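Note that chain A is present in both complexes that follow, paired respectively with chain B and with chain C.
Up next is the complex of A and B:
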């Protein structure tokens, strides 16, 4: 018989860390400038793909780098930082190449339709929005917001992976890595999906009015991740 | 591992990832998958029936992740029974590509048949001409992703299993293809009938180009066009992601001490900062080259 209360009590700190990691991912998704299908037709500012897809792509790349780092060190801060850096690299490369396509493939300059002036560069935005669109490309503010989102997502994913790997269990290392990584990927997806209800297809970054809705998603994620964390801790701790 | 060996393996992974990115984007262009598919589906409803292969199996990341995870799982099983690694990766990729081809055909039939009320024909010759090309491209993508994942597991000693790494890189290549190359197809190729140099005016939604350089336009025509820019830049993006995320730890090996590990983190941050500056320079150059779409109201008043 598995001592459910005992496993949960002895891993309480990891349970809390996993839950906080999930909430961090949920918050991070709001920073990622995604324009969904309209952005693929240069009809909206941001990257031309879905929220979940890009956040997961960046965060999971961070998970790969965090996993590699955890193989050689047990320094928690270093593992988490490397997860954040992996995700930042993926999202910045994607946004930069996306900017190349918008500029040289489609022929339109980056412009935001949500603000008149870019909060970072102070560049005028509305004059550069082409007719019948809600902006296009990635102005500097969206790019920086995306980098922050990638960093937080990678950070959250790495915290979850580190916590799952640290749960007391009787598994051989190779099996522990397998089950911990699958749980980490699963929890990542849960927390990428929840904010998409807030975002509703498009968001330009932290300067977008929709960004202010993030507390609802973060609270929902805290609840959802807590349930996932209990399952993960019991599954891994009980083996 | 010797740093030189690590860099060599990383270069090979980067090259495989570049090919995977390019083939992934061209495969999605032929089948018109992902976000630009919204216009292909909308066209018949706006009375523009077309001859373009429409297969929205799912978003690109899940579809590529499925393909790569199937390939990785088959390859893992074969390697565990002592099959040669190359053969295992090839067989895994063939099975994954065949399954992707099956989904493509059912997706095309489903999408087109459901638009019968808008007089959208189902072209059987499109199935015969396009599906083998889709399978071919998906084989190349899966094989290259499996090569990247296999090298990470065996040479770089990554703790994740081959199918899981293939799954994660499948998600990443789909996300990158959907974010970069697809814009070239969706915003430019589909709307070459409007003046170059602007986003799609919402009023033109669904009015996609249906005539080709010769005859009616199909998916292979789109792939031909996107192979000039959208495909290669997608390859560049995915290659850079795989290469740069591994390069920082290959150069500054964290196994030699935590301080070197922190240097690798700083190197990563410097790369990201330089990409922010690069994006800014593209933004400034684009604004200077293309100018504004409308005049400032204040300027107009002064001129009057």
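Up next is the complex of A and C:
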């Protein structure tokens, strides 16, 4: 059997980093303007798909960019910045194409139903919300919020990936990359579903009243990710 | 009746029987494949995929039960969560457990699922009465699915081989998506006021068979497992699943009529 206490003690810093990374991902999901099925029909503000799909799309891109950076440098700051930028680009492109489709395809102006004035541009919102909808499209504040969410999510994902790759083990690099990616993806998915239950599937961004609920999801994610981190450290450290 | 959000779902087959079917079928499938591949021959690796299908049907039944309370996020999230928890537990169990790996993985998954269920109800206050038990079931079913499909691909659950042939090569992503879809899609496709348990579960069989075919294709390039029998049995099960689903659709629908061909340009003018 493997030396459980020894592995956990020698990797304590990575254990904590993974846990914090998971909590960051959980927080980041609250920034992303997720509209779910109603937004797909332009009846709610946000991108027309679920939290998990968006978080996974942006987060996995962050993992890929972090992994690519890891090939050329060991500098933790560069790797994490690369992950954050990758996720930001991915979520921005998604929101940009979504905004184009809502504006020129569906033909509705971007408008938020949760606030009367856009907190960033100070534009009036409520006049442009169609009757019977919860807003539509992606107003500026949602876009900015989404980019912040992408940055935090990519940051968290890259921290997790970096920590997993740094655990001492006897694996060849190609297998280590494989198992670290699998654990990073697993942790990412768990931490994107927990906040999506917290916000009930839809949120417009940091100006949405639901945003105030984030401490509950972050606490849940801290606990859940800590368990994930123990599993991951024991598996990788024991090989 | 179980339109998403209306409360507990009606069940023709009690959940306890499905749990027993999933756990026993899954474990027997996994271990039978492991030992029979050594004793009889590589082509016995298909039994692992049968075990995975048992897990998939159980997972779909559990998703159906919990999602009928209305999660607020759509059904796919819970399927992704199942495989997310499953992949952590499966990798952990196989890497530390040796021959007992699958059992350790299942116990880990059950505990982890219970933790997520308790967090969802106690901290997130989702207020779904069966959340704890359902999460436990879903995590365990996801783990069985992953280990079963991995065995169908490699013929063993020895972690060194699984790591080399499934995880490092990236086929784990195929397992993730094919297995996750098989667990989340049945209820997602059938939900509504006239949802029936047997119609939902037969879709799980059909999707599980598709995952089995995919596992067979992967197995054909791996040394330890043989793909042809897995693909053939998978196709046969898919046919049973698909025709069974079509029959139940016809049974439950008020009327099934053909729409005919689309009118041609001349006819429209």
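The rule is short, and it goes like this: the second predicted complex is superposed on the first by the 239 of 239 C-alpha atoms of A that agree within 3 Å, B and C clash if a C-alpha of one lies under 4 Å from a C-alpha of the other, contacts with A are read in each partner's own complex, and residues count from 1 in each chain.
Note that contacts are C-beta pairs under 8 Å (C-beta built on N, C-alpha and C of every residue); 3 or more make two chains touch, one makes a residue touch a chain.
Since the model is a prediction, treat every value here as computed from it, not as a measurement.
When the two complexes are overlaid on their common chain A, residue A:10 makes contact with neither chain B nor chain C. In the superposition on chain A, A:54 makes contact with chain B only, not with chain C. Measured by the number of chain A residues touched, the leading partner among chain B and chain C is B. In the superposition on chain A, contact of A:198 is made with chain C only, not with chain B. Of the two partner chains placed by superposition, chain B and chain C are both touched by A:182.
In the superposed pair of complexes, A:98 makes contact with chain B only, with no contact to chain C. Across the superposed pair, chain B and chain C both touch chain A at residues 36-37, 50, 53, 56, 174, 177-178, 182, 185. Only residues 1-2, 36-37, 50-53, 56, 171, 174-175, 177-179, 182-183, 185-190, 192-194, 196-198, 200-201, 216-217, 219-220, 223-224, 227-228, 231-232, 234-236, 238-239 of chain A touch chain C when the two sit together in their complex. Chain contact summary for the complex, chain A toward chain B: residues 36-37, 39-43, 47-50, 53-54, 56-58, 60-61, 63-65, 67-73, 75, 78, 81-82, 85-86, 88-90, 92-110, 121, 123-124, 127-133, 135-140, 143-144, 147, 173-174, 177-178, 181-182, 185.
If you check the complex, the residues on chain C that touch chain A are 71-74, 76-78, 80-81, 83-85, 87-89, 91-92, 95-96, 108, 112, 115-116, 119-120, 123-126, 159, 163-164, 167-170, 172, 176.
Those residues of chain B that touch chain A in the complex are listed here as 34-36, 38-39, 59-62, 152, 156-161, 164-165, 167-169, 171-172, 174-176, 178-184, 186-188, 190-191, 196-205, 229-230, 233-234, 236-237, 240-241, 244-245, 248-249, 254-255, 258, 261-262, 264-265, 268-269, 271-272, 275-276, 278-280, 282-283, 285-287, 290, 292-296.
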